[in-house]
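When the chains are written out, they are named A, B, C and D in that same order, and each has its own residue count from 1.
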Amino acid sequence: MEILSNLFNVALLVATIRTTTPILLVALGGSFTTKAGIFNIGLEGQMLIAAFFAVVGSIWTGSSLGGMVIGVSAALVFALIYAVLVVSFRANEVVVGLALNILAGGMTVSLLKAIFGTRGSVVGRGIVGLPKVQIPGARDLLGPSTAQLISGYTPLVYVAFLAVLLMILFYNRTRLGLYIRVVGEKPEAAEALGISIARIRYTAALLCGLLAGLAGAHMSLGYITMFTENMSSGRGFMAVAILIFSGGDPLKVLAGCLLFGFADAFSLRLQTFGFPSYLVLAVPYAVALVALFALSWRARPKRIRETVETIRRALSVHPSREAGRDAPLPRS
Amino acid sequence: MTNRLLFRGLFSKGLARTLAGQALAFAIALALGAVIILMIEESPVAVLMTLMRGAFGDAEKIAGTLLQTTPILICGIAACIALRGGMFNVGIEGQLFLGGFAAAWVGFAFALPPVLHVLAAMTLAVVAGALWIAIPAFFRVRFGTNEVVSTILANYIATLLTSYFTIFLFKRPGGWSETPPILTSAYLPELFSFSRLNIGLLIGLALAVGVAAFFRWTSAGYAVTMVGSAPKFAEYGGVSVRRVGFGVLLVSGAVGGLAGGVETLGVHHRFMEGFAPGFGFDGLIAALLANGSPIGTIFTALFFGALRAGSLLLEVDTTASREIITVIQALIILAVSADLMMRRRGDRTGERRWKF
Amino acid sequence: AEKVHIAAISGYFAQGFGISIVNGLNKAKDDFGIDLKLVDTGNRALDYEEQFANLAKSGQYDLIFVMGWELVDALQKVGAQYPNQRFVFIDGVLDAKTMVYANFAEEQGSFIAGALAGLVEDMGPEFDKISDGKAIGFVGGRDIPVIRNFLGGYEQGAKYAAPDVKVNSVFAGTFDDPAKGSELAMALYGQGADIVYNVAGPTGEGVMQASAAADKYSLGVDIDMCSSAPGNVLASMLKRGDVAVYAIIKDEVEGRKVMPGTRTFDLASGGVEVKVCDDVAAKLPAAIKDKLEAIRTDVIAGKIQIARAK
Amino acid sequence: MDLAVDLSGITKRFGAFTANDGIDLAVRRGEIHAIIGENGAGKTTLMNILFGLLQPDAGTISIGGKTMLVDSPAVAINEGLGMVHQHFKLVPSLTVADNIFLGMEIRRNGLIDRAAQVERTRSLSEKFGLRVDPQERVAGLSVGIEQRIEILKVLARNARTIILDEPTAVLTPQESRDLFQTLRSFVDDGMTVIFISHHLEEVMAVSDTVTVLRDGRVVATKPKSALTKRELVRLMVGRDVSFDRRPRTRTDGAVALEVNDLWARDDRRLTALKSVDLTVRAGEIVGIAGVAGNGQTELAEVLSGLRPASHGSAKLHGHDILDRTPAEIRNRGLAHVPGDRMVRGVDRNASLSANMLMGRQTKRPFARLGVIDWSAVHGTMRALIERFDIRARGPKDPARSLSGGNIQKVVLAREFTAGGDVLLIDQPTRGVDIGAQEAIHDEIMRQRADGRAILLISTQLDELKALADRILVMFDGGIMGEVDGAAMDEDAIGLMMAGIDPADMTEAS
């Protein structure tokens, strides 16, 4: 019992929110490109380059906001390169994405050396992290332990979750959102109405860069306050995985990210019960994989419905031909 | 009539354009690279010369280049096989690790006569790679589960799993995070006395030629190609699209496992944590740049191998660091992928070869 | 005298211990005017041998410092091919007689860190920010033998000083993910640990920042990390790579040619030590300080035997 | 003269190929102007240029008297032009209203005002008598309704000139009639209609003026009243073409294909075949008539093993084929010319030889022990190019470099030489020009004379009339009835195609 309460508590939920946020931000970014019909495996690189420049910017400007702006700008530059190559030059998306990831890795380390004279990480040195937002009254209303659930995160955590709602609205109720969906789903329809496919895809790629940039800035100024090489640590790839099986729908993206974030936070806690670290560390990936398989299984409700129908029919009396005219006998 | 002329014209013009485009792309990448090199206060010419010397300077260096080429080539072939069948195996990295571990296990846990030992270890490496992709492959052909996602996820698990095996179950006492060394009977023969270059390279080349010939000359290869480029047509023609798809992924995984086996038995002679990171992705990029052609992959893999080998000397002989090489490498890949002249015309009908 | 040429090669110059080595090398460069070349191995085992050979073949380096266990096999092979090239392997001992080995007793330093943590934890709420949970934590980078050696010393030290304090240990599986380090530390704090020792390179920086966020304590490693989270860092276990390389280079520069053999850097020789952060030192009761000093003396004297992880 | 649209000297080249060659086209306000011509004559290209989807290499465009540069559909739409494309351009996941207002969304406070769009759609739909449910998703709607939506889309943009590219190809005769009534009412309201069609009857029935294109040039623009059907054909093809019934001798062979009470579902898992019974004997051609989408394709797919049946039986020479794979069925002697040749029939990017090899890649003389003998393959393909008069440079040409008609001949050549004695032919001449049609018909008759059992699916009654011994009419997945090919009554077939039993009609009247 004690073990259970040690495992499942508010702290776990709070941790889930923390672990979910960066993936959610970058995955929501990827939602734009996914919906616009281009595949962006380069999210990892956009996030990493933004994390780096956010730290640099924060030191230069002496403000976390300045850091965020500069970090996001760097991600936008990467997004623009991606768009030029993929949209205008029709380069293979996977090659471009992977190459941009490599580029981000190499550039951050080189620039780290050039700017800070060190390898690896920048800590301290006047980096200004994002402040924590205390929601007024949360403590009094909910009590100190539950209040943690909604209060005391850095701003981008709220932005990430709010963005889910905004993006639902965006896709359903705004013109640009609609065009992005149309361009991804049926480009000829857009073209025939004079909607420029290229322009929409560029916009989607840049919007993606914006959110991936925020995700990076969150990593290095919000989640923690430092930069270290390769600090995105596969979160961008995780986001790509979530995007492919969510099709970029904001709600499904949220669900996927929460699932992964929860599995991550949960598995970290499992380690303290003596499970071998390497196996426990694989849990989030295994959970994601199982969820993916389970979902594709479920994605055939009609088949299941049919099977159920078959069974039902097999059990009932043989129906007459007339009765079966519109719903024929399944072949036994 | 007009059509004939039209197409003859298009073809030759297209080829010339492609070549010119690639050359232009290359030049742009190098120019960008030169700017970066200038920024770190090195001479681009010196860097390029050192790079060339590091890759092809003498027999040893050439062997070093080929040593780097081997795993990229074999991983690239694994990627080519899947691409031909219309699929993406992004999980080569994981298959490489599992294959590497499996080969090591046979290598240290059993005492077998020389040739047999190698064969047994290689076989298990191949089986391990195939098994690792079997589940994603099954879900892909049966339920259409996207194999890009499932194989990416499987990579993480494979890496962690082999680390677990290595450190918790088979750690060499007193050693680094590695298994005991394999017995010498399981070593792949080396080609030259002065290098670790081994027959793995020949395996890779034979595989490339074999796979190319398979696709070009055999009925089964024809069926795979058709499933990859026109699945509905293949289905109509009596090819079992699911079975072929499953087989293709399995073989691709098996070759990924083989790459791991070659690295273990040929070079490292043991399995260690993080033993060959990134080769799977290098192989995938090499294969994509070669547009899925096994023979083309020999050259792209050689190109990557030379860059990697050259950068090792670069780091010693100049103040440029390996990251700079990474940056330049990425620029070259980007430029070449853009294929500058070919695709500039704004036609909207341009088909993509692979869908996600 | 002739200029001394030094090369140093490792995949870890970006992380705690590597940083301290680079510090030592740079200090030697400043003090003795040596020629210094740093080479990064990257993380591909395939590259190591060629990199050593490239360095050794140039013949221009008097000493080549090599750091990192994964380089050992490649080093032994290349070392045999270039018998005239002197290599210094940092952070371990092998049986070969051809090289210089700089061996660090990280288990001793970790033992003291563990003892300090145990003693502080044992005080309970008496000491600022300590609960009566009687638990401390450990966050490792990857679960590899070197890190296990730190953990072993830490656990033994804690048990020795405070038998009923429990040690919870976790591993991030990576040295590059401070966010994960922070999350792991949060989990440990959440489960009652008041002090968490990090041996995880940049991942460990996340642990330090988590201690500030949770307002608990952390223990730094390799270099002095007291400034990472002022007020929340208890102490740092210093693994003085800088001292080691500086000493070896000094010998070389001053004409005492460095020859194969093993040099041990332990608590006695100042190669490892625990630096209690100033603010903590000011608050720490004298009794605790005395106990800690007694333990230190016993370890140096060999009265306390610490098992090394294998 | 009051011209709605005036094109002059329009030239469009694709590479060295000239699709439009100095075309002049004047469309008077308030008329229905038909454009006809063979496949590839350049009709769609011309309309795409007018609509701003393509840019001409030479020539000028005037709309409503203003000469202008139409470099985007947006410009054309602005000038009161609307186009209903040959292939519909609707977004399946959006609702009807969203599709109609795509590109001209009604917005309030920057957000799309769904309610207003639905309201406008409803009023438009009432005003023009085109009934749709504004809130339904387009995915799953029938083509007839999709076309209504496309027309509403055009009307919502206040188009005064409507272009329709082959609007009736997918409609039932009744739906076509309704459509033309609607178009007529538009013209009565002062609008202008330009439509492209291959159906000469249709053109003769509804148009005011006809323009005929051949090889990218205008061969004639005449008022309908000055034309006959025969003249139109000659203008289109450049010679007389006969649609007469092919002479034949009656042969009564053994039953080769027998289908009993066959049921199946389509891709959307809706019932597509309902209790189909049929038999085909050696040496006869059994035609299947019906408007596209009434289960013909599914029938062909089930028989060739590409689609599972849900109930019933199908026997090939007495062997049950329902549980067999496509390969097994092929080996039993069934050859299949698929209706969707670009997707099922060929790999556009592969060479002609590779396309010909499909299905026989393991068989001698093309392969031995799993190794392909490409020289044998090329040799055979070369012979087929000769025999079937395929216009290609050689066996190594990629299929995509051939025109649609020639691609179709490649498919026919492959299937007719596959050694099967039962031929399942789905739409052999769809989109194929009249000259090639004749050649294909000759070949089909030759196969019949050779004693093959042929099941011929076609949406063109002319074709069935010329070829079939018996005709079965399909409607909504079932067989409505059978008529004798020699003495066929087009009216009866037309009624059955629309789902009406002619017997009922005669009783009622």
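The working rule: a contact is a pair of C-beta atoms (placed from the backbone, for glycine too) under 8 Å apart; a residue touches a chain by one contact, two chains touch by 3 or more.
Only a predicted model underlies this, so the values are computations on that prediction, with no experimental measurement involved.
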>> Under the document's definition of touching, what chains do subunit C and subunit D have as common neighbours?
In response: A, B
> Which chain pair has the highest count of C-beta pairs that touch?
Replying inline: A-B
>> By mean C-alpha position, what chain is farthest away from subunit D?
In response: C
> What whole-number Å value describes the gap between the mean CA coordinates of subunit A and subunit D?
Replying inline: 44
> When the C-alpha atoms of subunit A and subunit C are each averaged to a single point, how far apart are the two points in Å?
Replying inline: 36
> Out of subunit A, which residues touch more than one other chain, so two or more?
Replying inline: 191, 276, 278, 281
> Which residues of subunit B are in contact with two or more other chains?
Replying inline: 160, 163, 167, 321
> What are all the touching pairs of chains?
Replying inline: A-B, A-C, A-D, B-C, B-D
> Contact residues on subunit B for subunit C in the complex?
Replying inline: 54, 64, 67-68, 71, 160, 163, 167, 171, 173-178, 196, 263, 267-268, 270, 272-278, 308-309, 312-313, 315-317, 321-322
> Of all residues in subunit A, which touch subunit C in the complex?
Replying inline: 6, 9, 11, 15, 18-19, 22, 118-121, 123-124, 219, 223-226, 228-231, 233, 264-265, 268-269, 271-272, 276-278, 281
>> With touch defined as at the start, can you tell me which subunit B residues reach subunit A in the complex?
In response: 39-40, 88, 135, 139, 143-146, 148-150, 152-154, 156-157, 160-161, 163-164, 167-168, 281, 284-285, 288-289, 321, 323-327, 329-331, 333-334, 337-340, 343-344, 346, 348, 350, 352-354, 356
> Which of the residues in subunit A end up touching subunit B in this complex?
Replying inline: 39, 81, 85, 88-96, 98-100, 102-103, 105-107, 109-110, 113-114, 187, 191, 197-198, 234, 237, 240-241, 244-245, 276, 278-279, 281-282, 285-286, 288-289, 292-293, 296-297, 299-300
>> Under the stated contact criterion, what part of subunit B meets subunit D in this complex?
In response: 2-10, 217-220, 222-223, 225-226, 229-230, 232-240
